[in-house]
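Both of the next two complexes hold subunit A, though its partner changes from subunit B to subunit C.
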Partner chain A sequence: MNMYFIHTIASISHQDSFQVPNVFEQLEKLGDDSDIVSPNYKEYVPPTALRRLGPVLRMGLTASIECRNNVDADFDAISVGTALGCLKDTEKFLVTIHTTTSDFLSPTAFIQSTHNTIGGQISLGLKNHAYNMTHTQNNLSFEVALIDAMMCVNEGKQNVLVGAADEKIDFLAQAQPDLIPDTHPLTSGASFFVISPKKGKTSIGVRDVYTNFNATNSDKDIQNFLSKNDISTDDINVILSSSEQSFSDKQETLNYLDYSGMHYSAPAFALHLAHDYLLSKDKQLALIINDMCPGRLGLTLVQKQ
Partner chain B sequence: MKIHVTGYGLISSIGTNAEESIESLRNLKTGIERGRSQATKAYNLGAIHLSNDELKKRFDLKTDGSRTALLGMVAAKQAFEGHELSDEIRTGLISGTSVGGMDISEVEYKKYLDQDGHNPENYKHHSSGTSSDQIANELGISDFVNTISTACSSAANALMMGARMINNGMLDRVVVGGTDSLTLFTISGFKSLMIFDEDWCRPFDDTRKGLNLGEGAGYIVIESEKSLEITKKQPLAVLSGYSNASDAFHQTASSPDGHGAKLSMTEALRVANIQPEEIDYINAHGTATPNNDLSESQAIQSIFNDRIPPFSSTKSYTGHTLAASGGIEAVFAILALQNGYLYPNLNFKTPISETGLVPQTTFEEGKKIRHVLSNSFGFGGNNSTIILSAT
Partner chain C sequence: MSELKETLKAQIIEQLNLEDLTVADIADDAPLFGEGLGLDSIDALEFIVLLEQNYGIKIADPSEGKEIFQSVDSLAAYIEKNQ
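So, the complex of A and B:
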């Protein structure tokens, strides 16, 4: 059994989740006036550069630099998930091309519109020449990025940055629910982790990840996933899902979207929650069930050794 | 573990399949020409002159989707033709794209701005991940789907991800490649960067001014040895080397010495366990921008020294098909291995003064080609190299 130990976490979310030892104990459900708790971005990104970066870029870059500050060595691989990418710059450039008649267009928004701008900015910001991948698979974007990061560990990498970031633009409300579900308030968020084959301070890590983009029987998928890992439903201490899933009264259950709000990188925040839950409650096993979108299932098993 | 190639498919402005593409390559027939619509007539483009409805009808596509998804279905179906789904073989699709469903979204968003019949339902095709879901559905693949979005290196990275998933024992067989359709968004974007050549692009020529955009899709099927035992497929080539590295120099420009390119080529050679002199042909990234071609040339010189194998950029035929380019060019590489082809670099006259490198300028066949190296470099300094080898 392989474990992919979590060495550090940095989340930017509606919770106090950046540079705090345990996010779990001070969780509050998103209210109507809830806002993202922003770190002091200027401590991470020069102000001139910061002005040009949309939310997903400043959040992803800042969380990654914070992760780098908390570990001893440079990342030897970087794997980023984002479902909808740099929406603000994408929209800005769309407005430009549909409203400008000039032959000269500012390229900044276009340059920053590609999904891998997040990973590219991280490599630039950290002067990191390592493997750098960007995965985009709707609500499963973080899980596929995590699968890649776990393969990097299998291949001998020691210090892998993995995370996900997505941003809200006001226009997104127009595209609901065809592009993103409308069960929770739309928002933005970024969560980044460093994973390693070696134990970190907490000995908590990811044990296995599963994705199914065409899930017709989630219950069966969950059972198969657990039995493949020699785990019964009763072994699970907490289920973090996007739909109040539960097996029995043996588990605590929570809906992570209540705390992250709706964005497709929320499952990365769920991993942050799962880690801190196992840490603060001294429990062994957490199961994250990402069922934000019908038919697209992600499962992540988190264990404390 | 050997990663066997057992299928390929492509569509671009020079052909809707391998046979048509080779005919164009052989006859020096480019797909790049003046745009035919009001919006595109100012540009030289490698467009595919089949509407979405024509694509669906001609290639018998059953799944709806953006043009990006439809082009992907055409090429992926070709690649997967003759393959059967089986419970014994875990089969996945890993597809690269940079624009996803932007071809639909940009039209819909214009309606929103003009308050003219805006229909939000059409954004269901927007996300890049959805375009891959649609391609997988068309093929019936359901074990794993992933989308790589690293701009112009997306397809090459999809090949790499697929090979690694096989090596890690997660999948047995994967359809890997990439797709991108022409959009006003990307045409305007590259225009804003001022890296278009208003004429026909001239890769590796001293007078090169920039790129021409194209559209298309290219996929290959890769299998593990265990999978081959079940499918009994004849291996066509081996995906022997792959690598991805960051240039970490600039968000869009390559470092002058091609640092990231050197890293990715060096590591791909190491993975393939071959020496530079064993490479028989390089299909260069060769976008024909002043920056890329100089940087890539210097990286090639530093890896291969004075023994530079025949190299060319086929983007003077297809245009730069962005996320699809690494997939299309992987198919060209496989055809080169099978038939001993060397592809000409059209429009070359004068070597770049700093490097003096002369690319392959004629179509040749029957050459002994054992290993082909193919580069794909993207925005964000995302540099990838794959090596395809004879079986």
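So, the complex of A and C:
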């Protein structure tokens, strides 16, 4: 059984989650009017670079730099998930195309509007020339990025940065529920982790990840996933799901979207929650169920050894 | 001319997202690139867009840019001459 130990976490979210010992200490269910709790980005990114970075880039780069500072080692690979990418810059660029009568368009919004700008800026900001990949798979973007990171570890890489980031813009509300579900208030967030085959300060890590882009029977998928890992439903101590999943009254359950709000990188925040839950309690197993979009299921098994 | 320079400074701050600067922080004769505001080649492209969108001026020869974009003084002089 391979374990992918989590050495550090940096989350920027609508919770007080950045540089806190345990995110559960001040965790609150979000209301409709919550706002992102931003660190002082100027402490991480030079002003000349910061002025060109939209919200999702600021979050992703700052969380990555914080991870780099915490592990004090260069990353051997960088794997980023983002569903909708740099929405603010994309919107600015498209609106300019639609409204301008000029022959020229502002280059900055165009340059910053592609999904892989987040990974690119992390690479530039950290002066890191290692493997760098961006995964855009809707609500499963983080799980796919995590699978990629785990394969990098399997290849022998020691410190792999993996995370996900998404941002909200006002237009998203108009695109609900077609583009993104409307079960929770729209939010933004970025959560990044360093995973390694070696134990870190804790022995908490990711044990397995599963994705199904054509899920027709989620219950069966979950049972198969647990069976593959020689685990029964009763072994699971906590279920973190994007709905109200539960197996029995033996588990604690929480809907992580109540705490992250609705964005497609919320499953990365759920991994932060799962890690800190296991950190603070005498429990061993957490299951994250990402079923925020019908037909697309993500499962992440988190274990404390 | 001085009104044009003040307008230009405000437009530069907005177009280039120089969020920490105010109009008062930019001297008329201060270099915009290099040791001045520290602008770079992407900002030069933004200047070309700014001139066309706000003043209807197209820079046909990009090699002119180095001289035109030297400072707010040189930008304002170029706009006055070509508008």
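We take it that the second predicted complex is superposed on the first by the 305 of 305 C-alpha atoms of A that agree within 3 Å, B and C clash if a C-alpha of one lies under 4 Å from a C-alpha of the other, contacts with A are read in each partner's own complex, and residues count from 1 in each chain.
Basically, a contact is a pair of C-beta atoms (placed from the backbone, for glycine too) under 8 Å apart; a residue touches a chain by one contact, two chains touch by 3 or more.
Quick caveat, the model's predicted, so the values are computed rather than measured.
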{"item": "Which of subunit B and subunit C A:Ala175 touches, first, second, both or neither", "value": "first"}
{"item": "Which superposed partner A:Ala73 touches (first subunit B, second subunit C, both, neither)", "value": "neither"}
{"item": "Partner, of subunit C and subunit B, that touches more residues belonging to subunit A", "value": "B"}
{"item": "Which of subunit B and subunit C A:Pro107 touches, first, second, both or neither", "value": "both"}
{"item": "Which superposed partner A:Lys127 touches (first subunit B, second subunit C, both, neither)", "value": "first"}
{"item": "Doubly contacted residues of subunit A, that is, touched by subunit B and again by subunit C", "value": "104-107, 111"}
{"item": "Touch list for subunit A against partner subunit B, complex", "value": "78, 83-85, 91, 93-99, 104-107, 110-117, 119-121, 123-124, 126-138, 140-141, 144, 147-148, 151, 154-155, 171, 174-176, 178-179, 211-214"}
{"item": "Subunit C to subunit A touching residues, read off their complex", "value": "15-20, 38, 40, 42, 45-46, 48-49, 52-53, 58"}
{"item": "Residue ranges of subunit A in contact with subunit C within the complex", "value": "47-48, 51-52, 100, 102-108, 111"}
{"item": "Subunit B residues within the subunit A interface of the complex", "value": "98, 100, 105-106, 109-110, 112-113, 118, 120-124, 126-130, 132-133, 136-137, 142, 144-151, 157, 161, 164-165, 168, 170, 184-185, 188-189, 191-194, 244-252, 259-260, 263, 378-382"}
